[in-house]
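What follows is chain A paired twice: with chain B in the first complex and chain C in the second.
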Partner chain A sequence: MSATLALNALKARTRALGKQILGQNFQLGALGLLAFVVLWESVSRSGWINPIMLPAPSVVARSAVDLIASGELIRHVLSSLWRAFLGFAIGSFLGLALGILMARLPGVHCLLNPLVQIFRAIPSLAFVPLAIFWFGIGEISKIVLIAFGVFFPVWVNTYLGTRDTNPLFSRAAASLGARGWRMLIFLILPAALPFIIAGVRIALGSALVLLVASELTGAQFGVGYLIQLSQQVFRVDHMFVGLITLGLLGFLFDYAFVCGLRKFLPWYGAENGQANGTR
Partner chain B sequence: MKLSLSIGKTGNLSGAGFGQLFWRLFGRLNPYRRDNDSPRHHPGMSVEDKRSETTERTPLHGSPDERAARALAEPGGPLIECRALTHTYHTRLGTRITAIADVTLAIDAGEFVCLLGPSGCGKTTLLNMVAGFLAPTAGELRLDGKAIHGPDPDRGVVFQDYSLFPWLTVESNIAYGLLMAGMSAERRKAEVGALLDLVGLPHIGAQYPFELSGGMKQRVAIARALATHPAVLLMDEPFAALDAMTRESLQRQLLDIWTRTRKTILFVTHNISEAIFLSSRIVVLSSRPGRIVEDIRLPEDSRPRKRTSPEFNRLYERLAQAIGVEGSE
Partner chain C sequence: MNNLCIRFRDAILPIAGIIAAWQLLAALRIVNPVLFPSPVQVFFAAGEMIRSGVLWTDALVSLRRAATGFFIGATLGVLTGLLTSRVRIFSIGLNPLFNLLRPIPAIALVPVAVVWFGIGEQSKYFVIAYSVFLAVWLSTHHGMEHVPDIYIRAARSLGASRGLEFFQVVIPASAPHIFAGLRFGAALSFLSLVAAELTGASAGIGYRLEEARQYILVDRMFVGLVELGVLGATLDSIFVWIGHRLVHWEQA
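Let's turn to the complex of A and B:
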């Protein structure tokens, strides 16, 4: 009995995940995806195009299975994840800290604002050659680059959210006895949380971009490096495996992020929706 | 009692003749009644006694409960004292606007005072000054004999807009002030339970504000403001955003809370019938600059005041005239 229940729950969950990926109309979405794969397969097998340039999805799938079985893909993914995680943690910590400092201390803001604005205007990809020149092609240059790219979206949103606290909330908290650091911890930060979360979500995307960009320049392992290496040895099927892996990683990051929000901050989206609906 | 004489001296309506019937019906209601008629004073206490008590008032100390108890036990001095209070500000275009001009008002512990006036008459400015959100441009403002500087848990505030913290559950919202005061989790839980019972929402502690209706939110906001045992509850048009039925039900509940706790309440509204239904005293402010034009004490024995009764309607007409609205609502 409980087994059927569990099975049903699993089915429901799979369906929900499917909906998330394929949109509201599950069947139609699945049909579109299937049509794309069939078209790709037939074009690749038709003989109009060199199958080395465009390997069929069945070939790509076989290569993926091989790469997974040999443990190679896992090593690429793990080293990429580790870099992304370190860079993301360092970058968002610095963004959070500096955002709060600049919003709360006008002196720090005046001192650092021009500097940060100038650096923000430079696309972070442009720093790739410089980072490699300074830190080599080892782990440090990659982590620094990712941290650099993650820093700005987190900083901007933390700064704005912390600066523009709803005065109604600050008044309410002040009349309830919140002062100084308690005001910061128990009011300003939670009130700025929606902004900070939005910044972190943007940063997730830019972390992935910089991860690949830094790995393309050379590494021993990494999904970006897998793509680069495959190009050099004419393994277009491996390039496709790398691309699909990146797509899946990006999607899973975002999905995990949204699930975490729903679980730990149930008020997050609801409050916004209601604010739009009623006022 | 010099203090109170200066309170309610009202200008333009002092000589207006109202129907004799009104006074007969409302009996003890008399806008010009002096404070020594007030039944709240100890009968044997002379004016001098009361004065000395006011000046030698002990500073604010002890637990909030003791403070509230003392405020009730010492009916001599007013709890809130505004003297020649003025607030001016500059608009973005540089125009100087006087929101409140020369307001002198004394509010005793246990009173339910409504500040009534048209929109933009400065009643919220006055409330914000008492709350400590705004500083007076001129004049004095005292709570329990001590000058007011900034917001403090001894003045609980309920806002017009929903001000519950959206990231906290109802329980945590109510416990916020207690947490700031460093109360232990166990005691907080007990206090929150009692407060939820007081506002009639015993089962919603674990919910988030976004799950509540407007009326429930304001009841939770009242509970949150009462949690720190403030000497006075300041309410800024708390029911203005609610629909008429919810508003009336909340008015009854607030009255019930006031009867049970005898908390001093300063309530801002532009709704005349709300003011008549709730208050033990109505202070009418004129439009810009806000000045006191009427100060009416309502008899307690007329409660609950029926909105359909003739005396209610007569008072309504009178207040509507004072505000400058032709009796429409």
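Let's turn to the complex of A and C:
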């Protein structure tokens, strides 16, 4: 009984996912996608274009299977995931903490706001050389870069959400005797949560961007490094495997986030927080 | 006048404070000046770069790249968005593909672009145009698709032809979305510009950053960062200003 229920839920979810990618009538969407793959395959095999430069989908699929079978791809993915996770955790924690502090304490706001605004204007990728110079080409510079990229979207949204809490709520809570941390935990944070969630969702996208940027400059393992290495040995098919892996990772991050949101905080309406991440 | 005072207090004063604190830290030798140069050092480096003309040529080269890539990407993005939102065949054929491409970070395409187009200008245009294209396409497509039904029904019941409906209802209703996409695309073009220049170029702000790293000239790196920040902020405010004029009826 519960097995059929679970199966039905799975079916519904797969269908929703298909709709999200392929559009409303997804049989036709899948057909369009299939046509694209066939076109790509035939262009690559036609001889107009050097097949080394544009490997056919079948070649890319075979390379992907090889990379998975040898365990190489898993290692790249795992080291990328670990870096992204550490950077994301540090960056979002700092963004959250600083956002709350700056919205609640005017002194901290006056002190830090100009600094944060200056850094926000500079594209985060431009810090890659500086981070390498300061922290070397090891793990630390990569994690710092990812944390840096994650920090800003989380900070902005936490700050705005916390600052613009409906004064009616806080007055009502105050008249019921809430103060200090109680006010923060039970009122300010829940009220700001939709903003914070939107910020975290954007930050997931920027984490991926900075992950790739920092891995392109040199690493021992990582999906970005796989792409960089394959460029040096001219294996465009491996580069495509790397690109597809990155796309899948980006998609899975977002999907897992939305699913988690729907499960744990269903009342916030994940669909409304459509993020337009910085890629 | 009063407004100007508040602006001065809110914007100039804190920045001056930061620079003063930074100089103090450097003067007290709390931080290593090679790793973290003082503002005076950065200022002198900027002066030298202005005198030798490097600062201007870099800015011009980078801006030309960003503008070319942005122009190609934005044009294609708006046109494709028009097609996919109005003609069903295109939306069925192209939307799934674009939706699959969207989660791939555009920087990951830099090595691929280098293999395809070499390390010349073309590979930079490709990366910038690609990242701008997807953002502009998405906002155009969404803006056109989500024109409120009631506008279209009202126009049709008043006897508007298809052409009139398109130009007088659909375009004005979706223009704020398209413009928001263009603004986001402009920010993205700057980001991809830096990514493309870091991997190999012979001029440009990103190239100068990488060069300064290799010669351990951190003061010049700071000049490059400030240059990028000023250019980016200026471009964004120009976009906001144009947006207020162009789509004055609705701010998305």
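Simple rule for what comes next: the second predicted complex is superposed on the first by the 256 of 279 C-alpha atoms of A that agree within 3 Å, B and C clash if a C-alpha of one lies under 4 Å from a C-alpha of the other, contacts with A are read in each partner's own complex, and residues count from 1 in each chain.
The definition used in the following text is that a residue touches a chain if its C-beta (ideal position, glycine included) is under 8 Å from a C-beta of that chain, and two chains touch if they have at least 3 such contacts.
Being a predicted model, the structure only gives us computed values, none of them experimental.
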For this session: Mind checking the superposed model to see whether chain B and chain C fit together on chain A or clash?
Result: fit
Problem set entry | First (chain B), second (chain C), both or neither touched by A:F133 | second
Exercise. What's your read, chain B or chain C touching more residues of chain A?
Worked result: C
Problem set entry | Touching partner for A:I143 - first (chain B), second (chain C), both, neither | neither
Problem set entry | Partner chain(s) touched by A:L176 [first = chain B, second = chain C, both, neither] | first
Exercise. So, does A:V154 touch the first partner chain B, the second partner chain C, both, or neither?
Worked result: neither
For this session: Look at A:A121 in the shared chain and tell me whether it touches chain B only, chain C only, both, or neither; answer first, second, both or neither.
Result: second
For this session: State whether A:F186 touches chain B only (first), chain C only (second), both chains, or neither.
Result: first
Exercise. Is A:L226 in contact with chain B, with chain C, with both, or with neither (first, second, both, neither)?
Worked result: neither
Problem set entry | Lowest C-alpha to C-alpha distance for chain C against chain B (Å) | 15
Problem set entry | Common interface residues of chain A - those touching chain B in one complex and chain C in the other | none
Seminar exercise, completed: Interface with chain C, chain A side, in the complex: residues 20-23, 25, 28-33, 35-36, 53, 110, 113-115, 118, 121-130, 132-134, 205, 208-209, 212-213, 216-217, 224, 227-228, 230-231, 234, 236, 239-240, 242-244, 246-251, 254, 276, 278-279
Seminar exercise, completed: chain A partner, complex, touching residues on chain C are 11, 14-15, 17-18, 35, 91-97, 99-112, 114-116, 131, 134-135, 138-139, 184, 187-188, 190-191, 194-195, 198-199, 205-206, 209-210, 212-213, 216, 218, 221, 224-226, 228-230, 232-233
For this session: Using the touch definition up top, name the residues of chain A that touch chain B in the complex.
Result: 168-169, 171-179, 182, 186-187, 190-191, 193, 265-267, 270-271, 274
Exercise. Quick one: in the complex, what on chain B touches chain A?
Worked result: 131-133, 150-153, 155-157, 159, 161, 163, 165-168, 176-177, 179-181, 208-211, 224-225, 227-228
